[in-house]
Structures are given as structure tokens and as C-alpha cells.
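Two complexes are shown next, each including chain A; its partner changes from chain B in the first to chain C in the second.
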Partner chain A sequence: MFAKKTAEQIKLETRPSGAGATAFYNNPKYRGWIYQTALFVFLIGFFYSIISNTLDNMSAQGIKSGFSFLNTSAGFDVLMSLIPYETTDSYSQLFIIGILNTILVSAIGIIFSTILGFIFGIAYFSHNWLIKQIAIVYVEIFRNIPVILQVIFWYTVFNALPIARESLSLGDAIFLNVTGLYFPMLVGDSGSEFVYGAIVIAIIAVFVIKRWAKKRQDLTGEQFPVLWTSLGILFGLPLLVLLVTGIPFHLDYPALRGFNFRGGVSVIPELISLAIALSVYTGAFIAEAVRAGIQSVPKGQTEAARSIGLKESKIMSLIIVPQSMRVITPMLNSEYQSLVKNTTIATAIGYPELFTVFAGSALNQVGQAIEIMFMTLAIYFIINMVISVIMNHFNKRTELSSR
Partner chain B sequence: MKIKNIAITLAATGLIFSAQASVAGTTLESVKKKGVLSCGVSVGLAGFSQKDEKGQWSGLDVDVCRGVAAAVLGDASKVQYKPLTAKERFTALQSGEIDILSRNTTWTHTRDTSLGLNFAGVIYYDGAGFMVSKKLGVKSAKELDGANACIQAGTSTELAISDYFRENNMKYKAITFDTSDQTRAGFESGRCDFLVSDQSQLYALRIGLKNPDGALVLPEVISKEPLGPVVRQNDDEWFNIVKWVVNASIEGEYQGVTSKNADDLKSKGNPGQKRLLGTEGDLGEKLGLSADWAYQVIKQVGNYSESFDRNVGEGSPLKIARGLNAQWNKGGILYSPAMR
Partner chain C sequence: MTVKEFKPLPDQPAPITTSGPIAWLRDNLFSSAFNIAATIIIVASLMAVLPDMIDWLFISANWTGATQDDCVKDGACWVFISAWSQQIFYGSYPDEEIWRVNLCLFLLAGVIALSFLLPDRLRNKVSVPAFLLLPFICIMLLDGDMIGLTPVPTNLWGGFSLNVLLAAASIIIAFPFGFLWALGRRSEMPFARSVSVTCIEFFRGTPILALFFMGSVMLPLFFPADVSVDKLLRVWIILILFMSAYMAEVFRSGFQAIPNGQYEAADSIGLGYWQKILLIIFPQVIKVSMPNILATFVMVFKNTVFLLVIAVPEMLQVIMSALSNSNWLGGHAIEGYLFVGFVFWACCFSMSLLAKSIEKKLDTSHKK
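Here is the complex of A and B:
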């Protein structure tokens, strides 16, 4: 419809203007406006009709509507929340807990799937036969099994672990059992703030050195061992402060009290299973994206790099991977978005992310399907839009700049 | 050309949206027209609704579906079963996908008043309770402070347990699953220390465990869970039919009418029995059904006690005692309003 219109507009514009003879509705400018307005009014009417129709039907059926339920007390417990939660808290609190849990597992998934994807994507080009075969087998196995089966598989593996009293333990500090993974938590005492300060200073110093080294290389061509210096500062400075202040930290160990372990940090098996499954599954797709990206870089680039005497390891990291990002980035964007959407299969194992907690339990307790589904959909939409904006920004930077 | 297209589209959409509001007839009409009753049941719960190897459904909840089909269509087998999870059940009924929801559903104030639904009676008086592994050595629910609980998502139990633990100043962690099978698997693997559900379900889930004797149902019953069939609001005719099918089954037991003696009692029974069986009075007509509606229910499905014994009582693997679910004159609270 729109394509046709522009064609027509061009035709009209090239026509010699008859002295005011054309009626206003034949004027291409007004005509365009009329169509756009008509379409706009139609769309507004369309959505208004759908919404008011739904509300009418719901009130006719005696179904309550509105968002007032958000302020009422939820009255049930959730397995895991990143912010404090009591069963007397409201549904809006529950909504936020669901969002945070979704973001947490998505972030973990995105980080690990990217790492796995790049490792196996690059491993495909290894000259070592075994490494290459491992990469192929990894991709083929995990890409071809439905992700829900993978989630249930990892969860079943966890369920086969011993019960809390018979936990597997590592040095009486790290415990693993069917209810989760428990490890000690580092707790800072007075004086620990100096150590935190040292870490911040070390990070800033690393950035400064990196910029200085690049500038120096641009000017003089001399290379500076940035990696080793950075590592030295990053670990050396905090360690020095740590010793000077007399190690102001202690470890809070998990211990079996009553039914379960208390203290330390605990990670529930639902989160671990879901994170592993999503990372491994999405990682297989990213590996393929990385493979495609690397193959898109002409062989001549490798040969040219070799001819100037670059080491094989540097060819990959300095020449090939940066150029392949052009091809990889758009695919990464899609994979990340799929991963976020795939977190909803948590409902199969009960990890309390947004879909399970809000569009599951909450929906069933209050029964306001339209409002709850709308809110849930909106959140997935927003999360994926944010990912898209970030990745598009990144894409702009990796685009081929033609000079 | 384009203006014409747009005009046609607008006109067509206008027509569609002007024709929307009217509801498509009553449930009774649509069931008669379809010739089959669409009934929402659980995805599988021993004693209440379960499917055998031949694909035949049976259970206490299923008997409500069969009873309504017998009363309305004259044939208890004309039921199309729709297995639903706890989370799906109300939406399926609201949207008209099913005609009745008969799926061990607790009658609560919120559900009755805000979901656009009506509860058509109680077929089983239940209460939430706990099942623990005997290995834990726990004898009372009061010892469960700090334990992990396996619960089915979206149930009234999810709320009942939170109340109970708050009342007793105890903490718990809820691990919620979609189906009762997943809940049982979570309990079996040790992911949770105890399983919380309606008592009837606890016994049903226990016989499905690999080692049923290793599990113990604790004595505490922490909530009232009256279970019964549900229909859509604003269809009084249909609401009455489902309500009185349930009552007919209870009244059948009270009057001593069974599937075996129903034929005899049609002519030889006392006035109460005859009214129930349709040979006296016009109870059927008032419901918009045939005169022998209740006779069909009892003849084809059995009265309440026959149904109870066959599915959850002495004649079943569950062997649940009648308890609260006995007639009001036999120590229970089962009571049908007068059939006259």
C-alpha cells in the first residue's frame, strides 16, 4: 500500500501543475495525510474496540478487572528472591521478584553461552583433530535436542544427588546436595573498606595504563606488556593493602542446622539447572554464528597477517575475530533474545522467574488473566528491546566503515 | 481504488465488531446441540480423575461429568474430557472451552466472587495436610521449621501452608511444581522435606511412590478444602442442573436408591424415591430436563456412596474412610437440600 503510494506520488509530482485545477483530495500532499490519518483512526478504533469489548465481556461474566490486586497481599512463598520477601508482601513485590529472577538467569545465560560459543566456534578451526571433533559434537548434540528436555535432564541430574544430611563436601566448606550448592561467603570486617578502595584504584589504573600504552604504541611503535602489568596491579595492590590492614575479612561457612544448610551463599538447583541448560543450548547456536563469522573473513587476511610475521594466536585475536564480529553480532542479538524468551521453560522445574511466579501462581490466585498477561508480555518486550538497543549500538561500531 | 479498499475493510471490521457482544446461547442448549459434554478434569490423580490403559476415565470428579451427561443427554459416556493443570483450569472454564470444571477444586471466597464462576456444590470435604519421609523422624507438623515444601502451583494449598507457618512462627521454603506428578518426584528425590496437599491427594500420591511405606502422612489438617464442580456465572439454568445432579447423587444414597434397585423403586418406591426417580412430580421439567434425569444419573453412575466406594473408598486402592463425607445422619456432613 505504501510502496504504491510513493510511486503514485512521483507520477503526480512529475505532472505539470494545472492552474489550481486539482481538487485538494488529488493533491499528493493532502492525500498522503488523509491516508495516514484514516489508518491512524482505524488503528485506534480497532484497539479501542478490542479492549472495550474484552472489558465488557469480562464484566458481563462477572470477572473482576483492574490493577488493584497489585496492592493486595500475595500470601504465598517464592523459592528464591533477590530482594527481601515475606508472604504478606504484595503482588507488585512479587512482580519485581519475578523480573529480577528472570534478569538474573538471563544474564548468567548470556555470559556463559557467549563464552562457550566463542570457545567452541573458534575450536572448530583448530588444527588439532580432537579439539575440532569435540567442537562439532558439542554443536550437533546440544543444538538438536529441545531445550526443555535439556532443562529437565540437568534437573534430574541434580535430583539424583544425595539429601542434605549426606551432602558431598569439599573441605567442609563447599557442600553439594539435592537442595543446592552451598559455599562460604566472604564477610568484610572494619578496615575492609580500604581493600575495596584499593580494588577500585587498581581498576582505574589498569584503564589509564591501557590508554597510555596504546598512545605510546601509536607514537613510537613500541609495545608495552599491558596484560601482565594489569594483572600485577589488579592483584598486587589489593593484596598489599590486605596484608597492611591485617586481612579484615572472615568467611561465613554454611553449616547443617535443622533440615538444611544455613549461612554462606546458597544456589538453588533450579537456577543451576536452568542456567546450565540455557548456556549450553544457546552456546551451541552461538558457536555456529562464530564459525560463520570467522569463515566470512577472506583467507587472504590470514595469509597477509602471516606474511608480516604475526603469531598464529595473535592472528585470531587481532585480525580474524574483530573482522568476523560484523557477521556474528546480528546473530548474537537474536540468540540473546531467544535465550531470554527461553527462560520461561523454568516453569517445568519451578525456578521462580517472571512467567512461573507471576503468569503462573499469581495469575491462578487472583484470576486476572488479561492484566497479568499484559504486564508479563510487556516485561519480556522491554528486556528484549534493551538487548536489541545495546546490540545495535555494538553492531554500529563493528560495521565495515568504508572510507 | 485504494479508497474503496479501505472503505470495504472499515465496513467489514465495523460489522464484525458490532456483532460481537451477544453470548452464544446457554450452556444447556450448546451441550444438547453438540451431543457431548465437555468436562475439565485433572491431568491424573488417583481416585479423582485418572485414565486407564484403554483411555477410559474414572474417579470421583469424573463421576460428576458422567452424571451431568446422563441427566442432560441420557448417556453417561457422552463426555469429552479435557485434562487441565491447576494453573489452566479457570481460564479454560471462563473462555468456554469446557462446560464444567470438575477437578478437585477448592471452593474459596475469592474464586467464587472474582472469577465469574459459580461453585455448584461439594462432592468431597477435604483439608490440606503434610506427607513426610519416615526417615526424617518427624511426628508432627510443628517440627517442620526451616524445611523445604513441595507444593503444586496455583492451588489454595499454596496459601494455606503460608498461613499455617506464619501462625506458628515457623519458616519454610516453597518449591512449586506444575503437576502433582512433578510434586511427587520432587518429594521422592529429597528436593523437599515434606509434601503439602489436600489429604485425599496425599494418599493418592503416596500409593504412587516407589516405597509407599517410607512416607508418613502427619496428623495435622491445616485448612478447609471443600472440593466440587464449577460452572460459569450468569447461566442459572446450567448452574441449577449441575447443582442438582450433585444433590441427586447424595439424595440417592440418603433415600437408599442405588444403581441396582433404581428400576424397581421407580414403581414400587416410597413418594420420596418416586419423586427422585421421576415417576412422581415434575422435578425434571423444572430443570429443563426429562422426567427421568435423576434416574439416569443413579442408574448409570450410581449414588454418592457407590461412587465414593468405587473410586476412593473401600473398593479402591486408596481405602479412604468416609469421615466427614458420610451422610449427615451417619456422622458426616453430607446433606442434600430437599428434593421436592
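Here is the complex of A and C:
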């Protein structure tokens, strides 16, 4: 005969862990506290041992600490700087040069990788079989080869170019040789400030017209040819001022003097190799993102666009791509951030961006690893945060708004 | 009443241009004026480049020989690669001990095959511990000191086998760490969550090269003065931490893909937290995240090339030192880089194909 059991007894018997079910350490609230305290104690111990070891090691090796080294003279030259620099300048000057060079190559990389990515991402949907195959081959080749190898490869190719005397040239204005790329620079003479002013006014006018046209369309439904008017203002106004002031500009052509070219704009091979490799590599990932984005737009959208008689050439730009941006933008965000992080491979070919000049050369001379790595990493975090904020702002505008 | 006489319409000619090669050409290459122009331009440029390239790569290339003097023809000098092949694959690992590297690679392949071949019942019980033990077994084998073989110092390890083994060893150990960090990020304990988020964001936000640099200049400062930690071990630690952060994000997306009902079901049958996570959620997370795990592996595998910057003799570093060898000063850089590029491309491409096929397999399981 079965004895009658209370609910409590059944619970205890059927649950293997029932014995301690009411103990305080099985209460989720206390358990959380126990785990977190253990984690806290572990972290304190961990950091304490790291810091004390570091201090011991630093005093044993005679490494100073603090940021006073920033004011001392660096004593070495950099290959390229966007601001004036001499070897007697301080490490803080060097830091700024590094940041500017990093931003320069990141900006070039972001612009060109986006262009490449969108071209090849959209080319995947071409009706032309050859174009589609080229898009596939581009993506599959360049995304599967380590980017550092690509940088070194382009740098090697660049080093195989002829010397300055036998430069490849385009119309005696653009020259390419082993020391870099040279092209004419536009130099403003007196009166050029009027033209710059006209450009600023034209840009403001375009924004005003765009606003006004949208308002008018919302109110009356009438469309205003915004694109053509803006293009007209954007080019017409500066052109008019340019003619009135008598073209206050001249081109500064690069010319061979001695062993190399002087004048014009010169771009060092390190920058070109790095920019090509980063753009091509990241472009392949962006192309994949664009492809995924376009594929995420339902086929019905294309059919609907066709049914209202939109031209085939307009369907992509007016219907598909704007909708696919919802999927593409978050991916672009992470691709841009990884591009910025990848600029550090400049150190393999010696382009003087932040990592090369600061975590490389400066660290070698000063030896203050902690401070220098901290400053370098902080800049990468800041740049990536800025990209993230901009892209998130852009993302908000492309997000699906449900009413 | 007149009966309308049935008059059949005249037969239409059979459509000759809706199928077959001509139709294919017309639809895919010559469908519009733009496409015709594009096709002509592409074919013309391919014709201009491809024959010379094929000639240089294969036809007039030098395939046999052992020294630079054997490269007599105009084409690529593949002799360079074959002469250095052992270095490229094994680094400076001693000749008579190379079987140890091979054994490690074989064990790796074996453990991977095991996880596919074992019956479901044994799979988790056998292959998970096998995976987790593998890196340590390989280290003991390669080092040799602990198990009575001839010791081989880590500065002799190198080449492509180092790229593969290092990437595999990192991802295997990063697995449990990444899983813990992902759990921490999803946990309701505020302190544990913020620690996990900080770790993940730090290692994801830092350039891998900067991490390697920290491994080579900063990590030695963190250890007690009398402990010297091997360079390769430091690199391994860095790679594990870096991978863990990426794996944590992969797992997080996996967790988000599991319907809430699964958690509730586990709660309703009275499973504890770890039972719920390990028995119910984890297997599903792994299944969903498999393509992303492979993609992460491809990423870390490619990133092992970055080690050349801190002078770890991985594959590209070996090629670069071979290029500066006095017996080979003919400028075979292009051949060397093409070869490294091809090897990495072949590995990464086949893994991305694998990821795609897994994705496809998973896709059908969700469709009704």
C-alpha cells in the first residue's frame, strides 16, 4: 500500500537536487552576489599582480613613467607629413602627424572601398554574364587573401616601376615612377578667395533649395527639378565668379629637377600601395554586404517598379538600393572600422601613420610601452567611435519607419 | 444558320532563339547596347592580358631544378618555391623531427573528422574533450622536452604549418572563453555583464597588429621578473583573447536566434542554469553559429600572417627572408607572394564554401 505523501515530500523525492533547494546559495539573488564577488576579487588580484609586476619590471629596467617624454625632441625624420615637421620637433608633434596620416589613408580607403564595393556589389546583379562573373571573381579573390600580403605585393609592384628619369607620364602632367605619383596642383592667386566664397554660397543655396522643394512637393505635389538646379548652381556660380575675377588660378606642374620631380602634388608609393590594398580588400567585403542588402529586398519591389513603368536603369537606383541600405549600413559601419584598424599594417611597408611612427619608432626610442600603447589605442577607439556615431546617424535615416 | 468554318492560323515557326547556346549568348552577353559594348570591352581586355599571364605563369615558367641558375626561361621561376618548400611549410624545424609537425596536423585532421563521423550519442562526449586537449598535446609533441623527445625551441617552429596550428589552437581555446563572455554579456548580473562587455569591446576595437605589439612589448612587463614567457606563447595568449571577443559576438547572435520558448521549456522541466545552457541552448547555438564560426576561423587564419611584423617565422616571413637570401637575389618576389596568396586563397575559399554549404543545410531545416 502506498502511504499518502505531502506535496513537499514528492517534490523532495522527484527532484534530485531537492535536498538543498531552499539553501541560501541556491537563491538566484544571493548566488548572483556570490559569483560577482568572486569575479571582483579575481579581477582585483589579477590587476594588482599585473601592476605590481609592471612597476617592478619598469624600475628594474630603468624605464621612466609619465607623459613628460611628449615634450622632448623626437630626433628622427618621417617620410611624409601633412603639417611642417623637423627632426627637432617634439613627440607630441609626431603624434599629431601620425593621427593625420592615419586619417588621410583611412579616408582615402573608405571612399574608394565604398565605390568599389558598390560597383561590384551591383555588378553581381548585371544581366551580362561576364560582368557578373567578374564581380564574383573579384570578391572571391581579394577577400580570401590576407590584406598584409596584398599591401606588400602592391609595394613590390611599385618598386618595379622605372626610375624618375624614365617615368611613365600622362600628357606631361601626371608622372608615375618608383618614387611616387606626381600630378599638378591648383594654386590660387589673389582674388581666388572670391571663388572659394562662391563655392560655399552655392553649397548653402543647394541645401536651401532642397528644403524648399520638399516643402513645396509636400504641400502641392509639384516636383521641382532639384538635381539639375543644384548642379547648375553648384557649378555655375563658382564658374561665373571665376570668369568675372579673371581666373585667379594657375596649375603648378611637377617637373624633373635633378634626380626627382619638384612642384605639384606628390604621393609617396607607401601611401598608394596601402590605399590600393585597403580599398581593394575592404571593397570585396563591402561588395558582399551590398549583394546581401540587395538580395534582402523582396522581388515584388522590382516587379512593382516595373509595373508602374519605371525604366530598368532607374529601378536599381530609385527602388532597390535605397531599401537595401537598411541592411547595408550596419555592415558598412563594421567594414569601415576594420579598415581603420587595418591601416596599422602600414608598419610592414613603412608608411608613417600613427601606429608606425608612434607605437613603432617612438616606442623604440622612448621605451615607455604603457603610455605609448595607451595613447595609440585611444586614438583608434576615438576614430572608430566617430565612424560609429556617423553611421548610426545615417542608419537612423535609412531604418524602416513603421507607422 | 451558317456554321463558322474552322480555319487554323498558319503555323508559327519554331522559336530558335529561346534555348540553346545562341539564345544563351543573346540573353546573357548581347541583350542591350550597353551589354554589347561591355562584353566587347571585357573580352578585348581579357584577350590582351590573359595569354601573356598564362604564358608567364605556366608555359614559359621554370618548373624543374634546384638553384637559381635553373631559371633560364622568361617565365615565372617556380624553382624558387620548390627549393624553399620545406622552409615554407615547416620553418626551420629540424629535418629528422618533421614527423612531429606532420603528426600534429594529422591529429588535427583526425579530430575534425571524428566530430563528423562519430554517432550522435558519442559526439559531444568524445570530440569536445579531444578538441580541448589537442592544442596541449600538439605543444608537447612539437616542443618534445616534456615527453622525452629531442627538444625543439619555439624559434625554430615556423612556416605554413605554424599558421595552421596556431590558428587552430587559438580558436579551440577561444571557444570556451568566448562562450563564457557571451553568457556574461547576456547575464543579469550587472558587474559580470559590464566586465564581459569591456573585454569584448576592447579586444574587438583594437587593431590585431597593436595587440601583437602589446604581446611583444607589454606582456613581458606584466609577468614577474623571474618568469620569462616564450614569445610564441605570448602570441598565442593574444590570439586567444582576440578570438574570444569575436567568438563571443558570434555566440551572442546565436543566443539571440534561439526562441524564448526553448529557455522556458528548459525552466519548466526544472533544469538548473548550467543544465539548461549546456544541454538545451548550447547545441542549438552551435548549430546556428557554425557558418559564422568558420568565418571567424578564416579571419584569424588570415590574421596569423600579421605575425611577420613581430618577426614570428610564419609563411610570409619565411618567403621574405628567402627573398633576401644571397643565392636567390634575382627578384622572385612576385612568384613568392603569388604562391603565398594562392595557398591562403585556396584554404580560405574552401572554408567559405564549406560555410556556405552548412548554411544551406541549416536553411532547409527552418523551412516548412
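Assume the second predicted complex is superposed on the first by the 332 of 403 C-alpha atoms of A that agree within 3 Å, B and C clash if a C-alpha of one lies under 4 Å from a C-alpha of the other, contacts with A are read in each partner's own complex, and residues count from 1 in each chain.
One rule holds for everything that comes next: a contact is a pair of C-beta atoms (placed from the backbone, for glycine too) under 8 Å apart; a residue touches a chain by one contact, two chains touch by 3 or more.
All figures in this text were calculated on a predicted structure; none of them were measured in a lab.
K.L.:
Thinking of the overlay built on chain A, is A:Ala348 touched by chain B (first), by chain C (second), by both, or by neither?
P.N.:
In the superposed model, A:Ala348 contacts both chain B and chain C.
K.L.:
Does chain B (first) or chain C (second) touch A:Val265, or do both, or does neither?
P.N.:
neither
K.L.:
So, does A:Ser361 touch the first partner chain B, the second partner chain C, both, or neither?
P.N.:
First partner only.
K.L.:
Touch check for A:His127: first (chain B), second (chain C), both, or neither?
P.N.:
second
K.L.:
According to the stated criteria, A:Ala107 is in contact with first (chain B), second (chain C), both, or neither; which is it?
P.N.:
neither
K.L.:
I'd like to know which partner A:Ile370 touches here: chain B for first, chain C for second, both or neither.
P.N.:
second
K.L.:
If we overlay the two complexes on their shared chain A, which of chain B and chain C does A:Tyr35 touch? Say first, second, both or neither.
P.N.:
both
K.L.:
Pick one for A:Phe153: touches chain B only (first), chain C only (second), both, or neither.
P.N.:
After superposition on chain A, A:Phe153 lies in contact with chain C alone.
K.L.:
Can A:Asn57 be said to touch chain B (first), chain C (second), both, or neither?
P.N.:
So A:Asn57 meets both chain B and chain C here.
K.L.:
Share the list of chain A residues that count as touching for chain B in one structure and for chain C in the other.
P.N.:
On chain A, the overlap between the chain B and chain C contacts is residues 35, 39, 53, 56-58, 60, 347-348, 363, 369.
K.L.:
In the complex, go through chain C and note every residue touching chain A.
P.N.:
Residues 27-29, 31-32, 35, 38-39, 42-43, 188-192, 195, 205-210, 213-214, 217-218, 220-225, 270, 272, 298, 302-303, 305-306, 308-309, 316, 320, 333-334, 337, 340-341, 344-345, 348-349, 352 of chain C touch chain A in their complex.
K.L.:
Which bits of chain A are touching chain B when the two form their complex?
P.N.:
1, 4-5, 35, 38-39, 42, 46, 49, 53, 56-58, 60-64, 75-79, 87-88, 159-160, 162-164, 178-179, 257-260, 262, 269-270, 347-348, 350, 352, 356, 360-361, 363-369
K.L.:
Quick one: in the complex, what on chain A touches chain C?
P.N.:
For this pair, the touching residues of chain A are 15, 17, 32, 35-36, 39-40, 43, 50, 53-54, 56-58, 60, 127-131, 134, 140-141, 143-150, 152-153, 156-157, 337, 341-345, 347-348, 355, 359, 363, 369-370, 373, 376-377, 380-381, 384.
K.L.:
Over in the complex, which chain B residues touch chain A? Could you list them?
P.N.:
Against chain A, chain B makes touches at 2, 6, 9-10, 13, 17, 20-21, 23, 86-87, 90-91, 94, 110-111, 113-117, 144-148, 153-155, 158-159, 161-163, 166, 172-178, 182, 185-186, 189-191, 193, 232-234.
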